[in-house]
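Presented sequentially are two complexes of chain A, the first with chain B as partner and the second with chain C.
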Partner chain A sequence: MRTYVGVIALSFRDYQAYRTNMLLRVVTGLIGVMLQAVVWSAIYARRSVLGGFTMTEAVTYVIVSQALMRATVVRSGLELTKKFRSGEITKDLCLPVDLQAYLGAKDLGRSLSASLFVSVPMFLISWVAFRITVPASAGTWCVFLLAWLLGVVLQLLLGFLAGVAGIYTQYGWGTDKLKDAIVLFFSGAIVPLDFFPPGLERLARALPFQSAYYLPLSIYVGKTSLPQALPVLGLQAFWCITLLLLSRVAWTIARRRLSLFGG
Partner chain B sequence: MGEAVVVNNLRKVYRVRKLVGKWPADLLSFRWTEVPALQQVSFSMNSGEAVAYVGPNGAGKSTTIKILAGVLRPTEGSVRVFGHDPFRYRIHNSHNIGVVFGQRTQLWWELPVIDSYRMIAKIYGVPRSDLDKRLEMAVDLLELEKLLHRPARTLSLGEKMRAELGSVLLHGPRLLLLDEPTLGVDLSGKRRIRQFLAHLKKIGVTVFLATHDLGDIESTCDRLIMVHQGRIVLDGMVSELLASFGHDIEVRFADDRVEGRSLSDALGLEVSGANGRFVIHGKGTEPPVSVVERLFSLGKVVDISVKAPDLEFVIGSIYDRLSGGQSSCGHTSG
Partner chain C sequence: MVGEVFRGFVRGIVLYAHFAAMNWRRITVSPVDFIIGFTAVFIQECLGLTTIVFVMRQLPSVRGWTFWEIVLIYGFFTTARSLWHVFMINGMDLSAYIRLGRLDRFLTRPLDPLFQIYADGWDEDGWGELILGAALLFTAAINLQVNWWVRAPLLIINLVAGALVYAAIILAASSLSFWTVENDALMSLLGTLGTLGQYPLTIYGRSLQWVLSTLVPFAFVGFWPAQAFLPRTASALSYLTPLVAIALFYAAIRMFKAGLSCYQGTGT
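== the complex of A and B ==
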């Protein structure tokens, strides 16, 4: 455990080496925020409530979502496929670490770095510029952050699974992008699930991806009240555990495959 | 003491995907072929032993090392490293071993070497005091002080190799698995690396060294295992192997009419050369002094020199014999 905490810390520091990059991310992030603000103002031009969201709620949802999207850096999947192809994985397997936990810890460090230095500035600027709402109670903040963290873990697990799938398709970039597209769509990162057509909404709610954005964000904007939040956290935890088990099985099979085809 | 490594009837085949037909049919129909890399390999190593692992390209050396490191699972047979199955207990095993692959580096490309070392120490959970001690030892033996603060990417091939070797002792491994650690290293670099290995051996580390550089063996290893086409063809002490090959004796007779054939008959040894200048190829069974004495009795000798067999000659002639005997039976190398 100490090992992985150390890896998180190192990767947290390492990610800050790219300072200009961080600044650029804040700028491009804000452009995305602006775009969302313009689009949603237009959508709400002739009505006051849509899908149960007021304009302020919807704009807050999508802008905070933009900030959260910049906060999760998932590279482990792509890294895994690349290491597999280049044979670098041989060296990593000589380290006394579980590769999934190791790659995950690296991503967690990066994500913490990005949260602090990209998302927080984005959030603060948007708060001033677009007057988004902020949860009033400390309790809501805590539950939101917890839900968000579970969402990050879920994305790490999905990233790793995509990486393992990339080993099989021999086209890691493709599987990773496919995963990104699915997550972007079904997680409610761009549009709250409430706005989906009923059939699609039901599907999205049955899938694990809503954990990444929709569930934490509905806590943030108050669509999920505190008492309702407990089963939501439970659902997120359920998906995390399921995907964890799945990824362990997938990884065991992938190691056999590596063994068969050589390092 | 105890046994560091026990390998029993180890067999390893790789699977290779073969494309059949032309596009687009090849997208659907694969065929698998199996490449045997190791067959019936058995050997064991005691703690503290230093063993050289040699063999021609494609013999199976790297495969063996990857299996001992727990990266690859044997197709058949059993492998124990300090009593454990390295594939099954990979993480446990990795605390005990230090692995160097000549062509790969564990160092972070962008980070100064010292930062990589700290990172590695953190991953292995090495206490601060141990780290300082081992770091000092590595810096001393491999002369790393000038390299420590440079990013790995700026190091030359040989420098990188030295830095890499330094990284491998930070967690205090009991067994070193080295795959061509002097690849691309210059003479003085090799000397440092050999010094380093000799020191580790002295403090009781078991060394398993796969190499094509026979100098590495002479300076470090007592025992030699030779693998050829996935089978072990030789396993013994280096000194005994050398002794089993005779000395070469170069001789010049005053009389240049002395004939090679009669010389050969008289000595009962193989002889090459002509016109009074010959090389007598001794056998390991007769000491060279006695051959020299017999030569003196055969004519007036004006010049004579005795050459002890070196490892290069010995291993070279074994390789020749191996490839002459039964060459390439469906064997690929690379």
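== the complex of A and C ==
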């Protein structure tokens, strides 16, 4: 356990090594925020409620979503396939660490760093500049942060799974991109699921990806009240456990395949 | 003099054809990953559309723009940017060429280094964007009853001009790496700024409209050239895009040359 905490701390510091890069990330993020604010204000120009969302709710949702998107940095999949291609993986498999946990810890460190130094400034500036709402009670804040954390865990598991899939396609760039696109689409990161056409909405609600953005954000904007939040957290935990088991099985099979190559 | 320019031009085309054949073989080397990556970028590009298709479609108009007009502008921008993405994206990687010493290799050859950078490879993932953009442009034009056959030449000219504007912005910013070496974050910033060009310019505030038309002219990638196909709102600027494109690209080349003249290499 202490090893992984060390890994988290190390990659936390690593990610913020270039201060100007961090600053540019905040600026880039804010451009995305501004675009969302402008587009959604235009949408609500002559109406007050759309898809069950008021303008303030919709704008708050999409802006906080932009900040959350910058907070999760998932590179485990790409790192795994890179190690596979370079053959470096043979060395890693000899180390007394669990490769999935090691890569996950690295991502966790990066994500913590990005959350603190990119997302929080983005959030604070948007709060002042675009007058987004914040949850009224401390309870809502806590439940939101918990739901968001479960969403991050889910994204780490999906990232690793995409990497394992990349070992099968022998390259890995495509599978990682595909995972990103699917997660962003079905998680309601860009548009709340309530605006989806009925068929797609049902599908999105049946899939695990809503955990990453839609579920935490519904808690944030108050679409999910505190008593309703408990089953939501349960659902998120269920998907995390399912994907954890799935990734362990997939990784075990992939590793066996790896040794067949004689790598 | 004219003969010489013409011969140089023909030589460039012949050489580019050789590079092109090689590039095509290179991107199709791993068909499975090419197809997965292609699909991924296709879905990713659809993401930007979700707000338009899921939300704006239900509305009669957004700040005076109808659904199909918005789609036409979005489709035009996507197609123009994808042309840049597929054929000219290398201009963005100048800092990598410098850092890894690959630029030095180009400088030893009797060919223009900028030509070699652009001919050095095509992008794998821009193709999904190209197909999506063309499909959007086509459907929007049918729904807006744009007369295609009369306007086809203008469409192609304006699309190429839009792509050149995008290329010029990226090349100018990329040339800064002759002085700074590292500038990935600036490129990602410009990429995000560029997405502002996907929507009708008039939804933004006046000052931002000016910035997007002059300082970082992403409005000339999609919005202004696309106007030529929206009779309701067409303006002189829509027909001036090719000239703007040539001027901007010329300026970007000058900047590249200026950077190159103080280039010393990084020792790699």
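Keep this in mind: the second predicted complex is superposed on the first by the 263 of 263 C-alpha atoms of A that agree within 3 Å, B and C clash if a C-alpha of one lies under 4 Å from a C-alpha of the other, contacts with A are read in each partner's own complex, and residues count from 1 in each chain.
The rule is simple: contacts are C-beta pairs under 8 Å (C-beta built on N, C-alpha and C of every residue); 3 or more make two chains touch, one makes a residue touch a chain.
As the structure is a computational prediction, the values presented were derived from the model and not from experiment.
Contact with chain B, but none with chain C, is seen for A:94 once the two complexes are overlaid on the shared chain.
Once the two complexes are overlaid on the shared chain, A:235 sits clear of chain B and of chain C alike. Of the two partner chains placed by the overlay, only chain C lies in contact with A:42; chain B stays clear of it. Once the two complexes are overlaid on the shared chain, A:181 sits against chain C while remaining clear of chain B.
Once the two structures are overlaid, the count of chain A residues touched is higher for C than for its counterpart among chain B and chain C. Of the two partner chains placed by superposition, only chain C is touched by A:31; chain B is not.
Residue contacts after overlaying the shared chain place A:146 against neither chain B nor chain C. Of all residues in chain A, those touching chain B in their complex are 2-3, 6-7, 10, 14, 17, 87-88, 90-91, 93-98, 102, 255-256, 258-263. Residue ranges on chain A touching chain C, taken from their complex, read 18, 20-21, 24-25, 27-28, 31-32, 35, 38-39, 42-43, 45, 47, 50-51, 169-175, 177-178, 180-182, 184-185, 190-191, 195-197. Residues 14-17, 63, 66, 69-73, 87, 90-92, 94-95, 97, 99, 101, 104-106, 110-111, 119, 122-125 of chain B are the ones that touch chain A when the two sit in their complex. Against chain A, the residues of chain C that register as touching in their complex are 30, 32-41, 43-44, 46-48, 50-51, 54-56, 58-59, 62-63, 125, 184-186, 188-189, 192-193, 195-196, 199, 203-205.
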